[in-house]
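Same chain, two partners: chain A is paired with chain B first, then with chain C.
What follows is the complex of A and B.
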């Protein structure tokens, strides 16, 4: 089977130009609408601020919005309810479901387009099945969103009041957009079978585009509120808000979070539908059913990996911007009390890469032609595990005095630099490259290239990877051992560029090499061990847990501030908890989420079952 | 149903592993509680206790050791800074206005970019801008008394005689910034007052009088609507008038009250 990426690349030229132009026009109109809405938010902010600044009767002071100074008594409490944990869990559950329901339409849109291009109905059916799962999750997202809103109003009324005064208009538009999102989603889902073929299919695809545009705008709005709490903007030096909502929304960390969440959502959505396919595969009794869900699981894993590869770069960009916004916040994040959290993160990301690769390696068993590549798998595994161990190496060790003396200081002369960024960047880039290599082997597993220059092509691939990895290692070692702290991160950009160039060039080269390739053995969908399905499940669980953990740190680096440096958190829970405590809350949330998700999967299975009930109904 | 439970147990085991590693696989560090405002009896404080207070602030509330430590190398060590402060005042890279070593130390806490130690400036600033925030702002928020205590500690750390005067309670109270004063500024009642306060005519002509650095606003309402004018004041970089340099400060958005802004915008829009 040709990979999705190849299909995506091949997608464009075959399409009639006017049809793309039509979609483009709709996209432009939509963008104008969104920008118009943003402009309205800005203009509206000024109008509303006018009202807010009119002198109050009996007072000459204008009512600019000042952050309240609270005491513990200002936070209502409910007996037996921990306010922070409640809001934490509800927000996180809402976010998990929201990430899923925002991501699914993105790749459903792409898969539907691929189906249209190839006229292969399997893609259309798969896209429909994906969106069907997200429908139940959509109502859960809305319910949890409502619960979050009420939790904030009841448990943190002053914080909610402050934020709603700063962001009032955008919250109103958010609610309106939610209606638009629902309308687009229901039309897209329920109209799927109706809008088939010819112009109707184009109309349906355009609906998918509208759905994605509205969904992404919703996320951007909510990101503005969240990032304002981290890097507030639009305030004067005394922390007073003068009414420019756009400035508050367009704060320092808004775009880094927008980018990071957009990519992460796709990877996460892929992992969850992968878990769905795995669940259905395990429950399937008929061979054709197993083949269908095997194919679906493969595609979902492909989507997850495709988005997972650039994710560390987006994360790095976000962290760099946090440093640029506030070095103090950056050091608290990476070198202060949260530093050990990144060792937990290393375990989770190692799990993600290993399970995604393991699934690919198991999948090579679908074709007998893959035996040619089996001997290389162990080297891929060694490289990925080696990289994981470097990422896993902490910078600061917890040592006794004797150990400290024996080591000659807090850091080992040669192993110490493995704990800092140049080594971590090198490790993650190598891990990404070897994952790309796994994918390349998988693509080749059932085919033999027939072009005349196949030897030269393979030699070029080998040279490309060798030179690229040598460059990564050189940059990592040079900056890790031979530069001072301030310049240690300088390797990151050239390393990222090296990795991206290798991936793009090698996949392009391979696509050309394998054009018209001969099939040596068929690809038997469904011929994959059950343990591969558990690898897909592990991917979803690790992703969910990781999102919960990183959500905690994103929020936690504000420490005892509701809005960093502006609005202090005076609640009894204003302290930063230990990482163990945070991990337990994240675990509790993950259990709840996975239980709900598996329930959704089960529901989708039940909905297609029919129980014969002869004798129950009256005969007519 | 069998697979339902198998998958559930597998998921629980994995979640348990991640939770177990987080609880037992890494050191459990209990973060310090949020800083609290300490009540000081300045009238009874001794120089030793004042220096000890400075040390406590240096290692705690001031968050100085987050960067100024021997491990990370993100900022210079400060153990001898007080001793070499006087030498820095005559260096070419010094951009401040302190008259003596003690003044330099105070200035370095309030305006860290006045002197940036070579190799420790913000990336791309050629060591002219310090990444250090002012210690009076944001989450650090040191008071004048606390800054004096930190300076006393730095002098003591360098083995020098402490020259900082310990303020008494009355002086400390008098020096506390009135953070509400800004909030309580009485809103200006007319467009003319706004124009005077924000010195618009320094750069713009109004009724034929004023500077020429910016466009003539005498009849601006004839060509520009209120929305444009509002944006031009809040975000001057959004539209630069042809033939004029982009020198209008972007700070009005945080200085002008929204009511004042509307008075000004309506006034300008009416200038046909």
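What follows is the complex of A and C.
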């Protein structure tokens, strides 16, 4: 270790000054390891306590924890406060902000790394501006987290008590990690201009990595608590918790939610900073300001699309796992009472794709060479809208009696089959492919390939897309409608692989084709219509609404259980609200969140404003 | 030549309107006239909303196209020489909207629309024939015979067919298409098992629960339920229910939802 330090000092004379900082980081990591090991020891202690059926001194978890059997009288009430709606809204607002502040450092880290590699300062400035937006949002996340905690303690004390006894240790680590998260974030943000150049920049990037590692761990911990309520684990057949916190954490739906939230957060974060760029673009007065925020908006949209592309697959994986965990939950989710909210979900997801594509099409106006590709827009639109119509076609229709008679039953003979998952999977894959094609045209719009094999390259691209789409249709139709469930669900994997392979091969081929390509003219950043900025707003609003809606569904499928089949909800609100009521609460939350986000955007502008104050201060 | 072509060009706004109208007519011609299965109004409304959105997205994707599209509208609003036409449009458009609203809100004798969930969520366990069944793990006790003893399996399917013809075909039809002799007297009409969206999407335990407990056994969480399905546990034995399930899948050629590889 000493030898390594000496070599580092020799390579970087400034290293000596950082030795202590590095030692601090190493110490922090060691402390985390020790705490982790302590947790293991403690869990082990709890295990042995089960046999003794006696609490172990010093352990947070008692030997055996039984779910309480409550009555309505066990739920405190505050006059004029609806407990369920309060916790619902506060939790959702906390989650929206948390998703945003966890996502921003992920792509800020990547953009900073790109800036370091290309030595293009614009990337560094953009990354800094992104993280600047998330700082205010970080405070709001913490405030809302505190509010959620107090709401649970005050309004649902028995539920919180039960969960804190099951997860006591992880909740303690969560609080400690929050300190680490805050420290890493503030060092990362406030040290940005300080830690510039050479080794300092590497140190700054490392801080970004630590920030992301801690943030993601925090999310995984909280996901463990949430998924335990859906698919409890670590319990004996009588529902008694024996003390194995890891088993409770590592429950059936933990990893599907981890994956889904990780990807969704990035897409969501991209959409929110896209909305920020749009806000600044629309309020900009100088052309260079418009150019800067146009560029920022483009990059944010790119991030959002990049994460949006694999998102339906992660969502499908989660839904399939819910179905596999419990047929009851699966049917409640997509065939029962929540099915209609899924239609709204499908509409919102389609809206995301439409907004993202529209932004790209409008953005082609930045290039003088785009005119060559404008004629293809209508074909892209036909494919995307066509797939979108299939994507949201419901299986069960809303019919008048007259229509019911005309159709001869509640299902449409030809449109009914589009209402089940194989058709939806095929449609969403086609939508993703054509969105990738929109991006490909956008990339090409300002460049002219100079390689001799342009025609052969284009033919290969055409063949690739044609064969890929044919394969998607074959997999969707044959496996989706003519084989049993296990193959039908399994067919979604080759479908995903087909889409991913086409995207990767196509972009690689295009990159080779356009290596050394001639630029038509310099890109005119800022030459983009205002309506494209509204598409960015729509993207952010649709994402927010979608997350609120799906968050409600995820939580709602537990129905009258706090912890599925283990801990019954006996509160006066232990019923599933009507779809309209739920949609209104989600919409109210969306409006509240967007208002807070606009406040955050406005706040980020205030710091740079100065008011002339001559005559106010005493002259010295 | 190019001048002549330009002279014949259809204005962009009219083009957009023609595309939208054309798509609407195409839906109507294909589904109503050709296939005899009209698209329900609720779904058509959703389809057309996004078709209109898509058409306007394409027509406003470039600056020139947008200018051409909104040019006539802007001229109508801003050009002083079009005052008379503007007044007419400003009177006719809200008038048409008012008529549309009036027609939609007009009281009618038709029963209100219902958001029915066709697939009720099963409970995790259910009491049938005096026993408690765990629906999460319940399997058709005869399904394994399909591989282990095909001859006996065929016999059971045949017995299930007899049970079906004696009891179920009056509503669900002898072709299992939901068109039995009594079907037209029921609302909602009986399920069509041939439809890929019905039994093909369900596990056999779900069918067992639905057949045994019928309409009265439907869960409370999404009431009010409407179903004329009898409580078959009062008329059939447990074996007969499992056998009729074998028959339903055998006749339709569907496979029950399962997580096992074949």
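Methods note: the second predicted complex is superposed on the first by the 543 of 620 C-alpha atoms of A that agree within 3 Å, B and C clash if a C-alpha of one lies under 4 Å from a C-alpha of the other, contacts with A are read in each partner's own complex, and residues count from 1 in each chain.
By our rule, a residue touches a chain if its C-beta (ideal position, glycine included) is under 8 Å from a C-beta of that chain, and two chains touch if they have at least 3 such contacts.
Since the structure is predicted, the reported quantities are computational estimates derived from the model, not experimental observations.
**Q** Given the alignment on chain A, is it a clash or a fit between chain B and chain C?
**A** Aligned on chain A, chain B and chain C clash with each other.
**Q** With the two structures laid over each other on chain A, which partner does A:534 touch: chain B (first), chain C (second), both, or neither?
**A** In the superposition, A:534 contacts chain B only.
**Q** Just checking: does A:369 make contact with chain B only, chain C only, both, or neither of them? Give me first, second, both or neither.
**A** It touches nothing on chain B or chain C.
**Q** State whether A:236 touches chain B only (first), chain C only (second), both chains, or neither.
**A** first
**Q** For A:407, using the defined touch cut-off, is the partner it touches chain B, chain C, both, or neither? Pick first, second, both or neither.
**A** Once the two structures are laid over each other on A, A:407 reaches chain C alone.
**Q** Between chain B (first) and chain C (second), which, if any, makes contact with A:283: first, second, both or neither?
**A** Only chain B is touched by A:283; chain C is not.
**Q** Should A:579 be classified as contacting the first partner (chain B), the second (chain C), both, or neither?
**A** A:579 contacts both chain B and chain C.
**Q** On the A-aligned overlay, A:551 touches which partner chain: chain B = first, chain C = second, or both, or neither?
**A** Touch partners of A:551: none, neither chain B nor chain C.
**Q** So, does A:587 touch the first partner chain B, the second partner chain C, both, or neither?
**A** First partner only, chain B.
**Q** With both complexes superposed on chain A, which partner does A:559 reach: first (chain B), second (chain C), both or neither?
**A** Touch partners of A:559: chain B and chain C.
**Q** To test your reading of the overlay: chain C has the stretches 41-49, 59-67, 131-139 or 167-175, and exactly one clashes with chain B. Name it.
**A** 131-139
**Q** Both chain B and chain C contact which residues of chain A?
**A** In chain A, positions 326-328, 331-332, 335-337, 340, 347, 394, 396, 398, 410, 484-486, 559, 565, 575-576, 579 sit in both the chain B and chain C interfaces.
**Q** Which of the residues in chain B end up touching chain A in this complex?
**A** 3-4, 6-8, 10-12, 14-16, 18-19, 21-23, 25-31, 33-35, 63, 66-67, 71-74, 119-120, 123, 131-133, 137-140, 179, 182-187, 227, 230, 234, 253-259, 261-262
**Q** Within their complex, state which residues of chain A touch chain C.
**A** Residue positions touching the partner: 324, 326-329, 331-332, 335-337, 339-340, 347, 350, 354, 357-358, 361-362, 364-365, 370, 374, 377-378, 381, 384-385, 388-389, 392-404, 406-417, 419-420, 481, 483-486, 529, 531, 559, 565, 575-576, 579.
**Q** Across the complex, what residues on chain A touch chain B?
**A** 43, 46, 49-50, 52-55, 60-62, 64, 66, 234-238, 240, 242-244, 247, 278-279, 282-283, 326-328, 331-332, 335-337, 340, 343-344, 347-348, 394, 396, 398, 410, 484-486, 534, 537-538, 541-542, 545, 559-561, 564-565, 569, 574-580, 582-584, 586-587, 590-591, 594-595, 598, 602
**Q** Tell me, which parts of chain C touch chain A in their complex?
**A** 31, 35, 37-43, 46-47, 50-51, 53-54, 57-58, 60-63, 66, 110-111, 113-124, 135-136, 178-179, 187-189, 191-192, 195-198, 201, 203, 205-206, 221-222, 255-262
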